[in-house]
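For reference, the structure I am asking about is given below.
The letters A, B, C and D name the chains in turn, as written, and every chain counts its residues from 1.
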């Protein structure tokens, strides 16, 4: 692995990690995942409450309590620079910690959206919350997996929960989306599983560190076979992160699913999937020379296809689906360059992406609540009907487009930089060109909101609920504030972007 | 803290405007006017306190901003940026006066307007490349909205075109910035300039190309100029003024502050190409301007022509050439800004910009006619007015280095007379078009927004030394830096 | 049975599964085909665990079986939902979402 | 004395500033008097300078302009004999013309503005004359051009006037571009732009360089002094008020070119002097023939000016700067007088077609008298002013020029007399025309009288009778001591021939040519009457192609550059999708295939997303297979 700029301070004093709640010392190996445990239990509890209680308030309360408890547990969990508890199935290192926080953050905002969305019938919302929490557990475990079994289990946990969540609306499109998602996902994970079995057959090991050692010792025709196994495994992860050509489900599912779920799908599994992919690639590091050209090519193809097709969309959720594919392309840069700088950039951009994309979906939810429509046309003249909402949406879109001084720019800046740093000039140029393409469809929405006259003049009603306002406000504030003062964030992430296999 | 206050003025103004209720139009306007006015005063204070003889940056402020990337909030001015800062503050104030004719969505307008001014000022003040880029892009968004919401004609199309062109150019620049950072590990422009001299030629050329694309779109350099006529034509009058007066200068300034100091060997290598592009700009812009039937479009193309002199002077790398290029930037900002104001005055009354729709207004609106003739003459480079100095110095500087390019560009001077007089002819001369029998002359407010520009144009034309002396030291050092790098 | 033979079997199962996925129209048929793929993988794990003397892999196989059941449950639920809302269970008849 | 130096151009400039800012508040005659006073004061200041200048002193003042340290860019004013003479001409004639205008322009709605421009015109010309630095000269040179533009198109409601002004400005600017190129070259090669250093450059610069630079400078003079081929603006300039024409033709605009060449004569090599000579002679003769055929009073005078300027250029081509300046001085007097007389006629009759005029001698005795004096002076009849200056040139031609030159100049002299007397006779003699006319007011007649005095007597200052003080002033040392009798006879003979021609052909309409030559004569006449079709050729060869190029490039810009960048960039595709509004534009623009391909990419890829599950699954399987195969 090439060493980037940050390599000089790879060893970080644990005390500094206290910034995000990493406390030095005092940890008992094997109990390092209380947060996951709390969330799992809480999730099941919320499911029960949701099934029994009237209305969704009790379930919502329980969800927030669970989330708070999980966060507290994560905050207070002892984390040495790296440990491998739970029979070596999971790995707690700064890198996974970052993703666990990302998952929690995603969950929190999605909960806000789900509770505010008028799409979801009140009767089933409780179950929805429960599933969201379980999905969250899956996300955290994906990022922590240190073993093929845990990787598979975590991915299935995420998949199964999301299949159900996608089909939550009682209408044909939702069911259709769920079916497509299910079939596509099951096939992908089946293929991945088969690849895992082959990998196991070739190396005789399941845990990532062992794999790394075993792969390093493989040569000849076996190496060729290893590559086939890796390709099969790639299918499952590529599906999760909507990497071309395993992206086909994305737009259909995003369009059919409830907006809040779409929001979650567009961020959570992408982050966790990237984390897992990163770790898997780390385990297969000896094969890197073979894998890297493919990864680079797919990175470019992914961002280009996502951005190109997004140009012609008329449904906002579908548009954001393609935008997600494009954004995943950018994120993959951080992976594909395979340097410390790249990993940092990946993390920074994930943080940015979390806020700006969830914020954008919050706006979509608000507009759908107000107009009942998810067509782009619903945004026509929005600036006069809901100025605050439009402003927030404009901020998110501009951030997605990578306009400074918003957080998205900082992330993209680092990603492009990591590409150049690794000498991948073509990749950087492709990403830059893509940014320009993407500008069109992002600004098109802004154009509709600000330049076009509204179809009706009265203010949007109902105006966004407090929960939605909170989601919007926090995302917008984070996008703007962290864009203006990214220093602490970068500082933090430069300490977290430490990938270790134990 | 002077520079921070200078930036803070419009920023505070923007916050005040945002805090005011939508209906308090008068208060909003007053706040904007005050904010830009204070900025202008501060910039003049800057001019007074500036010491032309001292070397290096002045009024420097430096504080860590993003420590992990070694990015600093680093501001400062020297002889290259100071004139442009003052120009920006001046045009910002005058265009704010002209913004009184904005009829709707005042609050949004003035908030964006002030944000735009922050970006413009910041671009000229920043000494940190990252900070520079942030301000550079910050200019883009408000301008996009100004054109798209308050513009006329095909405003959405023009706004979009402006946005995409400029951003595409900026992305090339961004890549160059990144490549630079990962090579030199600093964003500090002064350190980069020192480090740049040590880069091998190939790398410098790549960097230069990236910066060139970014700046070329803004300047604009042929063939990246086609956003300009559309954006200028469809922008509201104050927007056009700032576009022509300040935004184009950002591109030229970029060459002075970034491309040339950081890639000196490449800059010298590309000198011939730059000179050729400059000549193409001059002649091509002048020819195309001649064929325009829309007043604003004509002025827009004349900008293309005039900015060619900046390139030509820049390419020469002689003291006269650089002085001329800088002078031309300031002069063009003032004169073209005024031209757009004048177009706006006419458009507000007649709602047309077709040159053939006018005729004989000279007798009907003598004050307006006087202003128009004055600025047209300044635009065509009449000696005694500021336009001449910039053109002449650029030509003198370039003549010894790029002989034929300079000679060909003289064609542009003749053509400039042709198209500017065409304007005067079609608008002011001939028999009065009966449609405008009742056309009122300029109001006091309009006169006030133009009079300072008139004085500056005349003053710079008669006493150019006032400006040239401010620039001299910094330009000498730039030449020494670039030429010494060989 | 030799390892080679079992490997052949598992690969045949995988191939059959993939073939089924590509040819079945009925949603449940598709799900069943995917089961085949999963079982091929499970078979591999069991086989290799014996070969390597690796116990964890056997656990893996057990987990696969369990998760396959979960998937079937969710899948059937979705198919039922589809049948209710779209009045069809044929996968090639759901193409409302496209473009 | 330096303050006086500064006051000379500054006084008229101040008058300009005063009149342009608050001229409207002044009563009409007051505005005129302000200008007259300023000019008269300048004239006074000039007189005050006479004493030191006549002693051969050179007064100068200098200040830093474009650079604090570099002496190259320090501007200056200076006065020596040459410039003093020009000062005297400009202020003297200018004052008279301004006086005359008070009467002539009475009742004009833009009365103050006229005098403002007039003052600026004189100020610029004075600055030009005083300039001691090429840059300052160029600045004033351009200002002179500007003022001519403003004044020629003063009555801008007339489209012809507006067009004439523009033509004057642009045509002269072509010459100016040459001058500018010369200045640039000089600045670069010579390292100095100061006039007192010009003589020194002869040694330092190579011969070829000097030729090139001097020819470029001459190009500027060609434009301003209306020499072939840039003479076309001057006849059109007649659209301006007549006093303006007088000013342009006598004292300011066109004199600048002659002055420039005279001033920079040290730079001219023998080769470039030959060019000057050729251009001058060609202009002299060609314009003379055209003047013979014109029927508009002012156009006759215009071509006569071009012709006389050609004569001066010829003198310059002979290297005789002093003689050219001498002729310039006398010409200023009689040409101004001719114009003012013509203006008086037009003022009285509102008619300027020769065919509709006649017999005005009785109605306008004063005008007729001064006109006659001017005509005689111009014809070079002994002993009026014109005689002295023209004779000196003829003499120089005989001595220094090729043998045929004297003949050519004498032919020119015949024509000069012929056209000016044709004009005089047809205006003031013969049957009275329907326009009765009346004598002009005193304020107009008085300046004419003063100028008549000049037209008659100024030449004496260069005559052997007074020992050539004027030529000494101009630094000429080798002067023919007495009157050269053969030349005197020749020129008198030429004047007589011209007079006969004017009488017999111009007035009595006799047909001098034998029948055999008549078709040729008619053709020549038609050519001359159509000004040799120069304007038409320019229209076809320069203006037309220029406008076509402008339009073509504009289309190119819109279609190709914009289209290509749009297409290669994003706007094109973006617009394509933006169906409701921009379809038309896109069809217009995205003509090339690549652009369309990019445009379709988005839509095409979209079409792959069919929504059919099996297809998706197939893609997965195929992708896995492909990826497995690709990896190695």
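Convention: a residue touches a chain if its C-beta (ideal position, glycine included) is under 8 Å from a C-beta of that chain, and two chains touch if they have at least 3 such contacts.
Please read all numbers here as calculations on a predicted model, not as lab measurements.
Contact with both chain B and chain C is made by A, D. Where touching is counted per the definition, the chains common to chain B and chain D are A. Comparing the chain pairs A-C and C-D, the larger number of C-beta pairs in contact belongs to A-C.
In this assembly, the C-alpha centroid of chain A lies 26 Å from the C-alpha centroid of chain C.
Distance from the chain C centre to the chain D centre is 95 Å, each centre being the mean of its Cα atoms. Rounded to whole angstrom, the centroid-to-centroid distance between chain A and chain D, based on C-alpha atoms, equals 76 Å. The geometric centre of chain A is 43 Å away from that of chain B, both derived from CA atoms.
Shown for chain D are the residues that touch two or more other chains, namely 569-570, 574, 606, 609, 611, 613, 617, 621.
Under the contact definition stated at the top, the residues of chain A that touch 2 or more other chains are 179-180, 183, 187, 191, 251-252, 312-313, 436, 439-440. Residue positions 21, 30, 91, 94, 96-99 of chain C are each in touch with at least two other chains. Looking at the complex, you find that chain A touches chain D at residues 179-180, 183-184, 187-188, 191, 224, 227-228, 230-232, 234-235, 239, 245-246, 248-249, 251-252, 290-291, 294, 305, 308-313, 436-437, 439-440, 444.
Contact residues of chain C toward chain A in the complex are 7, 10, 14, 17, 21, 27, 30-31, 34, 37-38, 40-42, 44-45, 47-48, 51-52, 54, 56-57, 59-60, 63-64, 67, 70-71, 74-75, 77-79, 81-82, 84-86, 91, 94, 96-99.
Residues 64-69, 108, 133-134, 137-138, 140-141, 144-145, 148-149, 155-156, 159-160, 163-164, 167-168, 171-172, 174-175, 178-179, 181-182, 185 of chain B are the ones that touch chain A when the two sit in their complex.
If you check the complex, the residues on chain A that touch chain B are 5, 383, 398, 403-405, 409, 413, 416-417, 420-421, 428-429, 432-433, 435-436, 439-440, 443, 447, 450-451, 485-487, 490-491, 494. Residue ranges of chain D in contact with chain C, taken from their complex: 606-607, 609-614, 617-618, 621.
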